[in-house]
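The two complexes that follow have chain A in common; it is paired with chain B in the first and with chain C in the second.
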Partner chain A sequence: MSDPSFGIHGKILEIDLSAGYVRVRPLDPSLTADYLGGRGLATRLFYEAVDPASDPLGAENVVVLAPSPLIGTSAPTAARGHMVFKSPLTGFLGTSNSGGGWAWSFKATGYDALVVKGRASSPVWIDITPEKVDVLPAGRMWGKDIHALTDELTTGFEPAARPRVLGIGPAGENLVRFAAVANDRNRVYGRCGPGAVWGAKNLKAVRAAGRMKTRVHDKERYQSGYEQAMHLIRQAPVTKRLLREMGTAGLVELINVIGMLPGRNFQDCTHRDEDLEAVSGETIAKTILERAAGCYLCPIGCQRHTRVGGKGEQAEAGEGPEYETVVLMGPVCDIYDLEAITRANYRANELGLDTISFGSTVACAMELAERGLIPPAELAGLELRFGRAAVLERLAVETAFRRGAGALLADGSFRLAERYGRPDLSMSVKRLEIPAYDPRASFTQALGYMTSPSGACHLRGGYAVSLAFFGGWKEIPRFSLLQSPIAIRNMQNHGILQDSLGVCRFTGYAFGSEPWSRMLAGATGLDFSVARLEEISNRVAALERLFNLEAGAGKLDDALPPRFAETPIIVAGEERAVSVEIQERMRRDYYEVRGWDAEGRPRPDLLGRLRIAGRRP
Partner chain B sequence: MVVKVKFFSAFREVFGTRERDYVIPDGARARALIEAMADQPERRAALLRGSNLHPHLVLLVGGEALSSRGGLEAELRDGDVLAVFPMLGGG
Partner chain C sequence: MSPRDWKADEDLLRLFQTIGRASLLCDIQDSHSGNMAVKVRNAAGVEEMAITATGSQKGDLDAGQICFLSAGGTDYGYYKASSETDIHQRVLALPGVRASMHAHTKDLTIVTLDDAPKPSPVPDFVPVDPLGRAYLGDHVHVDWFAVPSGSAEMADLIPRRLAGHPATIIQNHGTFARARTLGEAFFLLGVADASGRVVRQAQKLGVDVGALRGRIASDPAAHFPRLPGPYEIEDDGLCDFPEETELLAEFRKAGARIFESRLSPFHTGTMSVRGVRDILYAPKASLPREIGGPLRRLPMASAPSDSAELAVHKAIYAETDFQTVMHVWLPEAEAHSRFRYPGEEGESDKIVPLDAEGGFLYLVIPVLPAEAGEEEIIRNLFDYKIAVVRGGGVWAAGTQSLSEVLHHPSSLREICLYRLGAFERGLDLRKMEPKKAARW
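This part shows the complex of A and B:
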């Protein structure tokens, strides 16, 4: 084992909110070797600690947060944290990643992971410094939005000593099943509803104020990886310039041209060019953008700091919208009003809502209402139909507080659609709402959504657009049944690596595993060859799968909603759907590529090779 | 034959328009269209690096990547629509 200060402290901080204990236990060095950090380590620690049958909103759920061995070095974007929990939205693995400085500050307090168990009897917050850990009453903070909470816990410090706050807003307190946990005000662990898990634990915030440095073991080796990485980031057009200029919403028009931009709760993918231009990244840059910025330690800079409403009383500033938010709150609701989307985005940031699940759930409600399936009396006077931009901001607030029509939305689109007898109208996989790329426009993307361990997510499942259109990766035709399973496995594995390193997906537009291997091996002095990193990704994927199987998932949970099989869209002049047979074939081939059996269970020989001891067969 | 070209993002400024029809010989390949488009030094620099397509470009014909149809050697048809984007990323 290397010197603990070389990227690894060797300590896990465990807090049981029911029993009221705080303890520090050693991190088994083999866990670092086998699971790295971030997503890998958090998944392993979660798997050990949780009963897969536990109620996600019960005391028995466990939340694990982990930075990575690279965090604290100068590695580009290496400040991201990863959170694992059982999702109250899906009932399966909750796994969510965020930029922002909290993971860096937490690592610098001297721990490699935070494990939170139990449930406090009244609201609490946790204060972590290198010297001590306190669990403190949070009664007067309960009810505060994320910005006010952050202000309260960070005022009175010198800028250099300012702690970082990770916390929930009213949506988490009110157990909204797609509530987020945020740090640095607007950086969120958004997907799968971690905010509701915190709310159920009566946990309002975790403040971290670390200063411990991460030393580099082999400076020459680290530096060779670092310099190559920075060189490639400055060379690649996307990371050098375009994300800063256009933000992620720069994609809106391109995704439309390739026929992949969903509209009206995924009923079609047709939009008028001028409508889309009104919500494009270019329009955002020309009209509401005040400045672009990067997350902590990020040279890429896709953040949008914006202002709407001119100079009058209605003026306000905030952050966003990015691509997913634009499309899910916009065209998916048949809304092309940038100001309305932006204001609703501001409310989601403050109150703590995942904008993807929120937008999709609004669209689902609009479709149910237009079909006459929701009795008007249950909408609390709200006129809900596609295209009504005025409802967005109001619904964001009402959802966070479970008030009015928002009370219907707060459990997500699947439970909403199920309540009115049409679960097929929820555009979700494993009850997690589908992001802003229509799966009918790419078999590869469809398979990514089907097999993502967290449900439909482009970040955990794989992002096919960059395979078919952006280069960098080996170019894969988007309707290739033959190549999609391997391509998606490879992308998912690279995503596991990035999440376990605590780095941003967008570094993938500039370089792959090799520079990371050198930075990581150089920083820690441990063997992290590219082959070793690939093995770690396979191990994490298998363990995530095991948890989902134990939590009750089966093959049929790896499937798209019926709409994508039954209702074709036109893509590049051809009718496209993802039939049940195509899904079956891709799923079978993907399982095979992963070393899983026909039911999607990792085979015993694979588990043996990866040294995973599952709990049950 | 006539091929319609739609420009997006910064290419609208480089080409001074949102879309334009180009007339190229029947049966011509994409190279002929790109040469016709590269009628000024700034436009040439935006489209080509040496004799190859600029790596910053995403070119789509009828919603499919031009590269999947053979890049500069792709055969074009009358009425094709070419969309010109900078390489973007995100999601």
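This part shows the complex of A and C:
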């Protein structure tokens, strides 16, 4: 067993499922210096391996998973993995992140990244240990949900040696375009449909059983960053209290207070207080919460382990709901029934669905149905309208199996709305559904959705709400046209850094780059100054943009659905919309701040400075 | 005695009121001390003098407490006006002078006290800080008077002192300043008191101020290579970005905090928020809530007319992704930049927080040499977000907001005060600092 050299093994594991080979190739040290790990490294390896014109559900698509040099140290939350692929939902860059222990375990097998190419002729799973890598038949696992799959691949091991399983459920197998990949049963790579890519590759699971430790090069330097980070996590109200006590759903009432909580497919942001209270973090804590927990190595602990249905036959336990799930499956569908939301969430976890895209697609279908645009016959007997909590769980199952009305939903809200002649009723950007923060209540958030490389994602696009309400001394104006482009660029860059370090977005509530710089430089012994980290983030952002341009994205894809320009909401007594002119101005300014030209293409001098060689002029 | 309408017009009253309140906020007056005088033109176009009434509370002036005196003679107001009216009247008669102000600048007054038998000559005050050098010169006269309040001797000497200097110090009493506007006079008194505070704190920190003054005198340019430019009196009401209402409020909040927390004397320091092609810039960052200062929208590209401070703001934006920058002249930091650990050689190149909050926010705060260029400042801002330049003020940068960047100098002030307090108590700072700080 080789001894990992201070956070970096120097090895990439590459598996071609079509050709049937497994090979280990060296990791060029300059890639670590220039792209770090996690999202940065995965994006770089993906970019060099994939044809941007490839069919996302074809054998040509490539999946890259990468942990980071920090993973394996004690750095808070540093156990997250990042997956990059071409998204079957958007047709552009698919980029998704998850907590859970798989990334940690994979790194401890001795690799810095996993690249999966090709398509197996029949279902397979991959078993990775420090000693060997096997590609094995998965015929008998096909059709199993994620929990059953995890149980099957982890039984018979001592707890200390228990491997970690990353896999898909029926939704991925059935190529649902927003299918997730999960590890530790309920920790998901949810956005952009990675599960469908795995399903298309006939890849059911990857099991990792690593034991290698990550050594720290300069303990004192590392420790100074670590102590500072831990202190600030224990001090900031969101990380020390809110997330643990109420989970992310603790945001429900707060986001409503700032006028940002969407309802009825984003038709408005108005809710009755008693309705919202029924689905709030406080109510979850008082009624269905069994215990709070955290992802591997997380001192914050926002997970909700819950139970619904009392003690009777209908009782069941699971995880969730999180804030996004509560709002997208709840108020966005005009549903305020916590039990219905929670049960649908359990099904989504088991079957492998992204709850944001699922909830938003249900809401879109409800609006289409209410407007009489979906012929009832096509709904397979389902009475679909806003507020019908009873449909949620059934639709989750039907969507995962592409049957009944779920067959309509399985390709996401954009394709659904387009099919019925009203693509404008899909609340998505680049065909990725918008999360639970209404863009009209913050220009900064609006611009984040518009320019996120993966489509409307609050995590890749910049988690502006964290500044709008909990920013503390970093709190920024929500409606500053001048500040928004730079504020969102900086937030996106910090997100790239966090994803490339394998750490949780929520640490950003407590601290910025400096403690990470010291932990990373201390762990690796390499120069990872804050200036260097900033450069890495800018490099990754430029490369992500290049891929999207090569995959056909253009300026017009960086826009909000018309509803946000045409229908104002009331924020603090004022009508707010994000007019086309405002969008144009912010987009133009954002491009300029990024060093892109008027069409959103990274300028040659920027690419030269960042040492990026694009494939096309 | 000439008949006179005692109502000061609203603008004049507001001017006296706001400066009166601001001078209390920055602690250069007691409830009734000091006085302010300006030249005004009356309705008939004749110049006269407006001065605060004797014994008035400068924080709560009403219209009846502004007295008007014709520049050449006396009238009814003379009997109500400040006991130092004669002094002000003569000061206002100096060429180019339109305002005169006296304040109890306590820090400066304390460092110019002595216990020598009187009468005897008093040494000049020699500033060791950049603001003092820029605006007060290389020395300020300090005079002892047998009757150090409203006396004929004062009325004789002070105007003569002020003919050649913007400010002069009355031993045991305070400072007089003359200027083109009352705002400028208040500015000079704020700078003067801060200059005294630097010396006072340096003395408390065991700095050999005499030796420091000697070193500065032998090569002033090496100690202060980047002095701030002349005080501008125009455009204080100018705002180039009224449509950015939220940002405007942020500027005003941060400016008021800089002033009230004494992070930089009145109308000193600079702060900016970056736009895409331009920056929003406050060239007078220390802004009491009631007193404005220009708020400019300027092109991002550097221009030959840029001040030294503005040039650094622009350089930081050109080289980094920071969104906000602040530069303040924090007396506590300037004094600390001269600190030498007992028994150790040379001025310390870092300020190490002793307090818990400071320690977790910054392991150390770098102190850069006076000659530090933009590149060195930027490099340190990347790693520490804040850097002290010896003789060059405090630079801070933020990734998002003005409030964020304000937090850095504000924390630094506390860090300096804790260190100073511990040192005054005879505690061994080296023992109190985290061991690893020596390596950072």
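What we mean here is this: the second predicted complex is superposed on the first by the 611 of 617 C-alpha atoms of A that agree within 3 Å, B and C clash if a C-alpha of one lies under 4 Å from a C-alpha of the other, contacts with A are read in each partner's own complex, and residues count from 1 in each chain.
The criterion applied here is as follows: contacts are C-beta pairs under 8 Å (C-beta built on N, C-alpha and C of every residue); 3 or more make two chains touch, one makes a residue touch a chain.
For clarity, every value in this text was computed on a predicted model and none was experimentally measured.
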item	value
Touching partner for A:V571 - first (chain B), second (chain C), both, neither	first
Which of chain B and chain C A:E475 touches, first, second, both or neither	both
Partner chain(s) touched by A:Y323 [first = chain B, second = chain C, both, neither]	first
First (chain B), second (chain C), both or neither touched by A:Y437	first
First, second, both or neither for A:V530, with chain B first and chain C second	second
Chain B versus chain C as contact partner of A:E592, first or second or both or neither	second
Partner chain in contact with A:I486 - chain B first, chain C second, else both or neither	second
Intersection of chain A interface sets (partners chain B, chain C)	471, 475, 477
Residues of chain B touching chain A in the complex	6, 8-9, 55-56, 58, 60, 62-65, 67-68, 83, 85-91
Chain A contact footprint on chain C (complex, rising order)	241, 244, 246-247, 250, 273-277, 280, 320-321, 323, 360, 363, 379, 382-385, 398-401, 403-404, 406-407, 436, 439-440
Touch list for chain A against partner chain C, complex	220, 224, 227-228, 231-232, 235, 467, 471, 473-483, 485-487, 489-491, 493-494, 512, 514, 517, 529-531, 534, 538, 589, 592-593
Parts of chain A lying in touch with chain B, wherever the complex brings them together	237-239, 242-243, 246-251, 253-254, 257-259, 282, 302, 322-324, 435-437, 458-459, 463, 465-466, 468-471, 475, 477, 505-506, 509, 571-573
